[in-house]
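Below, chain A partners chain B and then partners chain C, in two separate complexes.
Right, the complex of A and B next:
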């Protein structure tokens, strides 16, 4: 007996409705907020309609563009480094390495720590007076460095913290992808005399390209949303050198109490992330193999 | 009317009806009976003074039958949560700790209650509560909203909170280091500027520690020097004047402090600043009197018994900061009367002394002059002198200040500290942004 066409709708309908509400409601609320001047602690009835003023102001605000550039550099460096390191680690530990279970557990630990704790941990590690990093360079006679007190080193510090926390995510995704590579294909490559490098570059990585693309996309989106670690480590400083867009939005909303402006900048961020995600998907086309 | 007189009068008016109310309640615990079994929920920060306060709460419950629950949050997160709670029709908080900077905003948004009606309620008020004994500068700085400037004493100012965890700035220095080098603590900013490089060179440690992290922290440090040097953020008509010669001079002084202090000051928050002094990395500390309880705590400090205190150095005038924390009753508190009873109990003479004994900061003159307490904390002698010069107007406590503090001046001062910009360029560069914020706030004509 053929299943009636409405049956899938019954099964999928509730989930689709819940997802649509969960995704669309906050999005539309943020969009609506962007048209009002409102601050927390006051009744919504007192919100003042300002039209597109907040969106225009966001486009004209030099601080927004500075933060966006900082965000793009931060995201690009972090995601590229995390992808390279994660893939390299997965390739190194995919086989029957002794103590493999231990290493895998060890590598995923940073990902399981709350971002606030990660920020605090790295703040202590980078501490100019008592930090581990200065203690290590002190062993070689070097003078202590104020890592979080200079623009360049502070920016490197937030990148290191992000790479430390999120490389394990890439590692797990890659390990899972590599485990699903058909062993007969690898065997065929070995019989054909392919070296380890050739097998990796021409067989394994192309076969897990869809996993790489999805992982890249997820990391890219996450890198644009980082807040807590940078909040704790530098609070956007020195100056505004580490103020990425999410922190700028936070400050606009909760320090300046301009929730409408913050919502308008959030929409701008959403557009940027959506555009980059679309580009990443187009370039990698993860469903290409399946389509074929 | 002089400001101090006004504070005393305001306190007096709050307690003016006390005499009439005395016979109704007397000195017993009757005022608590009606509220026995209620639970007062307090919003408090992770802060040494409130850690000390927590030790007193079981005694309050034992004496009154009123239970207390605390919601402890990091200071930076506390305001967001409070705004959300206090904006609801019925909130979860009955008593909220606030940073002095938030008082104007909370009142403007109608989130906290005026305290005068409570103090006029004979059924609630403690006849032994001596309002005038509270340090007047603290009451003005932390409790009053309204008045000509909006945040100081004067006609129209009303009491919305009481100081609890209040502070002023004070100079702490390593007695042993100064004695060894034959140096005297600086009495003026001219002395300080001469001393800094010399101390750095001869002591082998940072001369003076300081806050310096971008945002609120570095601005706090800069304002500490701006005020005694004779500067202000705004003129009398709310036009920015922070970039004048005095503002630049104060920033140059802070830069000198950063360059001759322990490594990394432009990244220091309050915690790093205090730790660097307590761990022997700096010979001087010039900031909140909150340091008192920590210097001789062996769990935190390596310099116990080696620290002396002096007045905040004089610029064109003696002047120290006035700030810290207070307690207020939210408009939507479910147990407002019980909350007032707790507030009154915590800030009473006996409990002010009790909290100071366990590491908190005193808010009452009677505690500062108590012989037993002075024996435990000889630094109270200097603190009493310093409080004479404490200036409640050392920074503008207007609702727009957080944004100016963190998103404008906090960037400029930080950029000067790292050497990215000269002090002149950094401060001049922020005038348009601060002017825009003040126009938006209605202080200047758009």
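Right, the complex of A and C next:
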């Protein structure tokens, strides 16, 4: 039976239209908006064509570069820490642990809770006057620290919150990957007299390398998308020490009311994320076992 | 397989319990703080034993606008989830079952859209929605959430549709089922776990999200997370009330997590891990 040509259109049409109108078209508009000087609240007809000025200005703006560096350090530290912790924990805890299903349920809670709740709770924990963290170190006689009031400690705070929220994701991915490792291979390694360390480094990890790579890229892409938790926790402060690129875009547009500049910086962030996504696609092409 | 020494088992469980405590305690802290009065919150001491009070909840619920925000959140959450699922499963089926020109373009563009930072979308969407009169309206927010959630939903369900044997659909067709009947009598029941996972993820985004909602709504159309964020002012944070509101917002995702952890994990690992 041959399918008429309009059938795929019926199935895909509605979804494609919605994504095109509310996702793709806005992204292209961001590019267009970058060429205009437009303030919020004024009619679009009053927007002024400024050419590539906004893009040039974004590239020359020290604040944009500082924000980009902040984003890169934040993403690198978070993702490396989460990957190492997640992999180590998965290796230590894999196997037929009874009750694992229950523990996994608890581990996905940090990812399911609203970012606003996550941000608030950590803001409360790090609070200088009545935060639990200062109360804890107070037990050991330490003086209270203004965690969110100093640049370095505030940066550490946003990293800790991200590690808390996303290490469980890496852990769950790794547990799932390890569960798929053929047990006969491990058995063979054991018969050959391999130690736990040898089996792990030479057999298990190489066999889940694919899962590790995809998880790493997914985390990296998401680290560049983080906005809400940091918005609540520090709003980029003190100074601009925790102002990651997403937040810088938000502030430029909706605090500074410079939509054209924000759009130009958006394009910069989009290029970074698109490059990462492209790498992720190369690694896990969901269409690959297609042409059957 | 491997022998498990009792000491190793004990170490396993102690580590798991410790991790569980680390994951859960901030959430417990939020609920605990929501049950304290302001003077209890503002003491610098670790205090597990306090007389719980529902005062914060009474104040939050007593504000006339709470019902409106809750209604907005529910409408946005439920409507965008339903539309996303309907459009998503149709698109997933179309991508998995038919070969046509432009299929790969649609597939890859969809995958790339999944990774767009929301901050990048906020700026142009604000401009476009202002021009189109969609700003400060629930349909405007719903449209955006559907578009943002569709890529993930399509790819999650694509994997599930692939696992449905085409022979079953052919058999149903031979028995006289039309293409539409085949879709909802054969395919849909078989991809139910995928639909459940997609529903939870979509609802979670629509229910929790607040940056786009903050930009695209006003007093009348505000959702709960936006309302909560407004308790943070330059003067300070009204901790008791904000934690009460945060706890209320956290309840639906908590319930979903406990009743559908398996589906959530399927959704998280889909695409990267086979099986």
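Following the convention adopted for this analysis, the second predicted complex is superposed on the first by the 245 of 292 C-alpha atoms of A that agree within 3 Å, B and C clash if a C-alpha of one lies under 4 Å from a C-alpha of the other, contacts with A are read in each partner's own complex, and residues count from 1 in each chain.
Criterion: a contact is a pair of C-beta atoms (placed from the backbone, for glycine too) under 8 Å apart; a residue touches a chain by one contact, two chains touch by 3 or more.
A quick note: this is a predicted structure, and the numbers were derived from the prediction, not measured.
Of the two partner chains placed by the overlay, neither chain B nor chain C lies in contact with A:76. After overlaying the two complexes on the shared chain, residue contacts for A:255 are found with chain B alone; chain C is out of touch. Touched residues of chain A were counted for both chain B and chain C, and C has more of them. Of the two partner chains, chain B is the only one that A:154 touches; chain C does not reach it.
Once the two complexes are laid over each other on the shared chain, residue contacts for A:236 go to chain B alone; chain C is not touched. Look at A:271: by the touch rule set out above, it reaches neither chain B nor chain C. Once the two complexes are laid over each other on the shared chain, residue contacts for A:15 go to chain C alone; chain B is not touched. When both complexes are overlaid on chain A, the residue A:281 reaches chain C alone and has no touch with chain B. Of the two partner chains placed by the overlay, only chain B lies in contact with A:42; chain C stays clear of it.
Once the two complexes are overlaid on the shared chain, A:145 sits against chain B while remaining clear of chain C.
For the contact definition in use here, the residues of chain A common to its chain B contact set and its chain C contact set are 40, 129-130, 144, 231, 254.
The residues of chain C lying in touch with chain A in their complex are 1-2, 4, 12-13, 15-16, 19-20, 22-24, 26-27, 29-30, 33, 41-46, 87-88, 90-91, 93-95, 98, 100, 103-104, 106-128, 131, 143-144, 146-148, 150-151, 154-155, 158-159, 173, 179, 204, 207-211, 215, 225, 228-229, 232, 237, 239, 242-243, 246-247, 249-250, 253-254, 256-258, 261-262, 264-265, 268-269, 271-275. For chain A in complex with chain B, the touching residues are 39-43, 63, 127-130, 143-151, 154, 231, 234-240, 251-252, 254-258. Contact residues on chain B toward chain A in their complex (touch as defined above): 76, 79-80, 83-84, 86-87, 105-106, 109, 111, 212-215, 217-218, 262-268, 272, 275-276, 279, 281, 399, 402-403, 406-407, 410-411, 414-415, 417-418, 420. For chain A in complex with chain C, the touching residues are 1, 3, 5, 7-8, 10-12, 14-16, 18-19, 21-27, 29-30, 33, 38, 40, 44, 89, 92-93, 95-97, 99-101, 103-118, 120-125, 129-132, 134-136, 138-139, 144, 164, 168-169, 172-173, 176-177, 179-180, 183, 186-187, 190, 211, 214-215, 218, 221, 224-225, 227-228, 231-232, 245-247, 249-250, 253-254, 259, 262-263, 266, 269-270, 273-274, 276-278, 280-281, 284, 286-287.
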